[in-house]
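Structures incoming, each one as structure tokens.
Here chain A shows up in two complexes: once beside chain B, once beside chain C.
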Partner chain A sequence: MAKKENSKPAEKMVFNVGAVIYEPGSTIKNKTGGWRAMKPKIDQAKCIKCGICWANCPDMSVKKNEKGEFEIDYDYCKGCGICANECPVKAILMEIEKK
Partner chain B sequence: MIRGLPEEEYFAPGHRACAGCGGALALRHVLKATGKNIVVVQATGCMEVVSSPYPETSWRVPWLHVAFETAAPTASGVARALKTQGKEDVKVVAFGGDGATFDIGFGGISGTFERNENIMYVCNENGAYMNTGMQRSSATPFGASASTMPAGKKIPGKKELKKPVALILAAHNAPYVATASVCDLNDINRKVKKAMAIKGPTYIEINSPCPTGWYCDSAKAIEVARLAMQTRIAPMYEIENGKVTITHDITEPKPVEEYLKAQGRFKHLSPEQIKEIQGQVDKEWAKLKKLQDAGCEL
Partner chain C sequence: MAEMVVEASMALALGAKLCRPKVVSMYPITPQTHIVERLADFISNGELDAEMIHAESEHSAMAAMIGAAATGVRTYTATCSQGFALMFELLPIMAGNRLPGVMSVANRALSAPINIWNDHSDAVSARDQGWIQIYCESTQEAIDTTIQLYKVSEDHNVLLPAMVCIDGFTLSHVCERAIVPEQGEVDEFLPAFKPFVTLDPDKPVSIGPISFPNTYMEFKKQQHDAIMGALPIIQKVHDEYAKKFGRAYGNGLIEEYRMKDAERAIIGMGTLCGTGRIAVDELRAKGEKVGMIKLRSLRPFPVKELQKIAKNLKGLSVIDRHVSMGFEGPLCTDVRSALYGSGIEVNGFIAGLGGRDITVDRLQKALLSTKTHKQGEWLL
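Showing the complex of A and B:
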């Protein structure tokens, strides 16, 4: 019986490494802020600093600064409006994005 | 800590989920609760596609993408490998959407739970195959229109009920099974922490709104999820060693109409159909209540 030419012993088998990404959280390179049609604006005078906007943001785009105030990270905010809708004191207003 | 939730983010921004995505919010809060000492195994689906556009990733924890049906079996393999290496403090978390959990991967999940593997399975339940274009899944609610069975003159929306996967997995003698919703993030935190501490297969189903597939305003996503809870459409309960506890007891439910009217996928419903849905919801709630009050093991 002729030996198949392409058959290799098991120890010589090479497995190709699939798609491996070595840099965790690297989507931060992708600024999704460009998707925005509506822009949220926090009225700091009205804000009671409850953090509901921070907790409910699907894009991790509400941040707390050193003063303890919440602010929007416009690099990633997609303008979904959840923060404005959930705000208990209506301190966040959605404006039309001007580009 | 803000509002009792950790400030660390293990899910990075810049992911490609639609604006107002409930699934991305659910993932973010599950990872906040688990911390970084985990290995994530994820089935194909929206949350996999949006979080790993090669060569980028949104994950800040070890993460594996596997075929649609193999999240739970792969997770059991990873868990066993970690056990062999003596790294039993690392928990393996499998993620899947409702397509991967209710339909395609269901056999694998059932096997994993039957073998009593030490993994936590989190299902992001939004009621259709949203990633490929809102096709019907067995989690699609009764009456909803989906792209593979659009409501029209002959078909009045989905004619079948949602598969009760949480109850089915509890019937596998799982130590912990729970349903949650993105309308209560602290509850997700509590339930995930509870599941993390349990050895054995645990399952958490998170009801998360999909503004694109539900045809609702992205700003109202969380509001619609809250309506699902308040109308008893998405009951939130946990089953510990077979004992059912309703964690969010809705004593004065809103009519289901309020939830249905907020979404385009239900806009075709006639008053009779809405009445039928109300009847089903009341029946399901009564069943859960009975299970809870009887106190017997499922």
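Showing the complex of A and C:
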């Protein structure tokens, strides 16, 4: 989660007029993976590399690695389960997130 | 300058035109329609170089105004009543994003029952949303206030949108004598808009991001401090305008009428103050020491200025053209709060809802109510 950013003491924060953010890409700092209650896990043996999970992920948290395998980016995956639901070969399982 | 007999809606359109807005996004609604029509005329015949956005609703009109203001241009819109209510969702967004701009509101009642006539329920209901709100008594005041409010709104110590409120029909459709300033004079008074932030692909910024519980209050405090800080700026801009154009409205925030030795007074906003002057004059002729306070700026509320003007009063009757259902007139609440502990008897009256006439005798009844310690009431 964005704990690092959000736990800054108030006196050290900069409050720009109108809450304008002048530095692009600030969303990347907000790691939303901490919101997850359920965690998707890809079984690479079953996966047919169709990319349906990649196409359907609303947070762009399914990524293709150099080997052509799909992986979950747990820094941002909120555990919505759309990938598991859409997977045509049931290669993605949702597990309870353990912290 | 051009002196003419002009309908207030036309005057407002002329006033807006003189401020050279670059984007005018509007949706017509009675009794604001004439303003939209006149501006559309100005743009189509080349008198005003602006983008006219015919939005599909007031919600979209305000959304377009916010988007346009974020690109760093001067913006204008107008609405009232149900249209204003539809816009409501976006009002705090424009203010919270600290985007300047001016909106005219031809104040009209809210349904139900359906009623197209004047009262203040639309704009007064939105007084907490961070917009500056100035209420006007005359056509001339509406033109002058529009020009003044662009300057206030765009001041980098303010950076908040502003409403010029005129009474629907009672003012919007009335033709009266007014002086329309020359373009050159307005250009001298109101410099080109200098935005504090602009949406620019070459210099990307985020406007309107999320603010978590640990930062939201600081931003809201900043915004509140800005609108409170607008009080002296409204005065300063008004004084500067008065010096240049020769017309003043009290101190810009509040205007007094025959208050010097007054023991009792009424306070109200907008056109009812014209009637109020006659009510005061008639009672003065009978020997009553009465006066009137015309509040121009409802938000920010000029607490100190009101305290100063009211300090020698025994009684003050507040005329609200809106009722906060379940309590009282909101202006009455504000006035009571501002005068708390002063010992002045404050009486609240609800008047003129849905276009009901506010007559001289009704105002005189309110004026004298504190003499006999009568309670405030609905002036039906």
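Note that in this section the second predicted complex is superposed on the first by the 79 of 99 C-alpha atoms of A that agree within 3 Å, B and C clash if a C-alpha of one lies under 4 Å from a C-alpha of the other, contacts with A are read in each partner's own complex, and residues count from 1 in each chain.
The working rule: contacts are C-beta pairs under 8 Å (C-beta built on N, C-alpha and C of every residue); 3 or more make two chains touch, one makes a residue touch a chain.
Everything quoted here is computed from the prediction, not taken from an experiment.
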item	value
First, second, both or neither for A:42, with chain B first and chain C second	neither
Touched partner set for A:24, first chain B, second chain C, both or neither	both
Which superposed partner A:72 touches (first chain B, second chain C, both, neither)	neither
Contacts of A:56 with chain B and chain C, given as first, second, both or neither	first
First (chain B), second (chain C), both or neither touched by A:85	first
Common interface positions of chain A, toward chain B and toward chain C	19, 21, 24, 26
In the complex, chain B residues that touch chain A	2-3, 5, 7, 9, 11-22, 24-25, 28-29, 51-61, 185, 211, 217-223
Chain B-touching residues of chain A, taken from the complex the two chains share	19, 21, 23-32, 35-36, 50-52, 54-61, 64, 73, 75-76, 78-82, 84-86, 94
Residues of chain A defined as touching chain C within the complex	2, 6-7, 10, 13, 15, 17-22, 24, 26
Chain C - residues contacting chain A, complex	96-99, 159, 196-197, 204-209, 211-212, 214-215, 218-219, 222
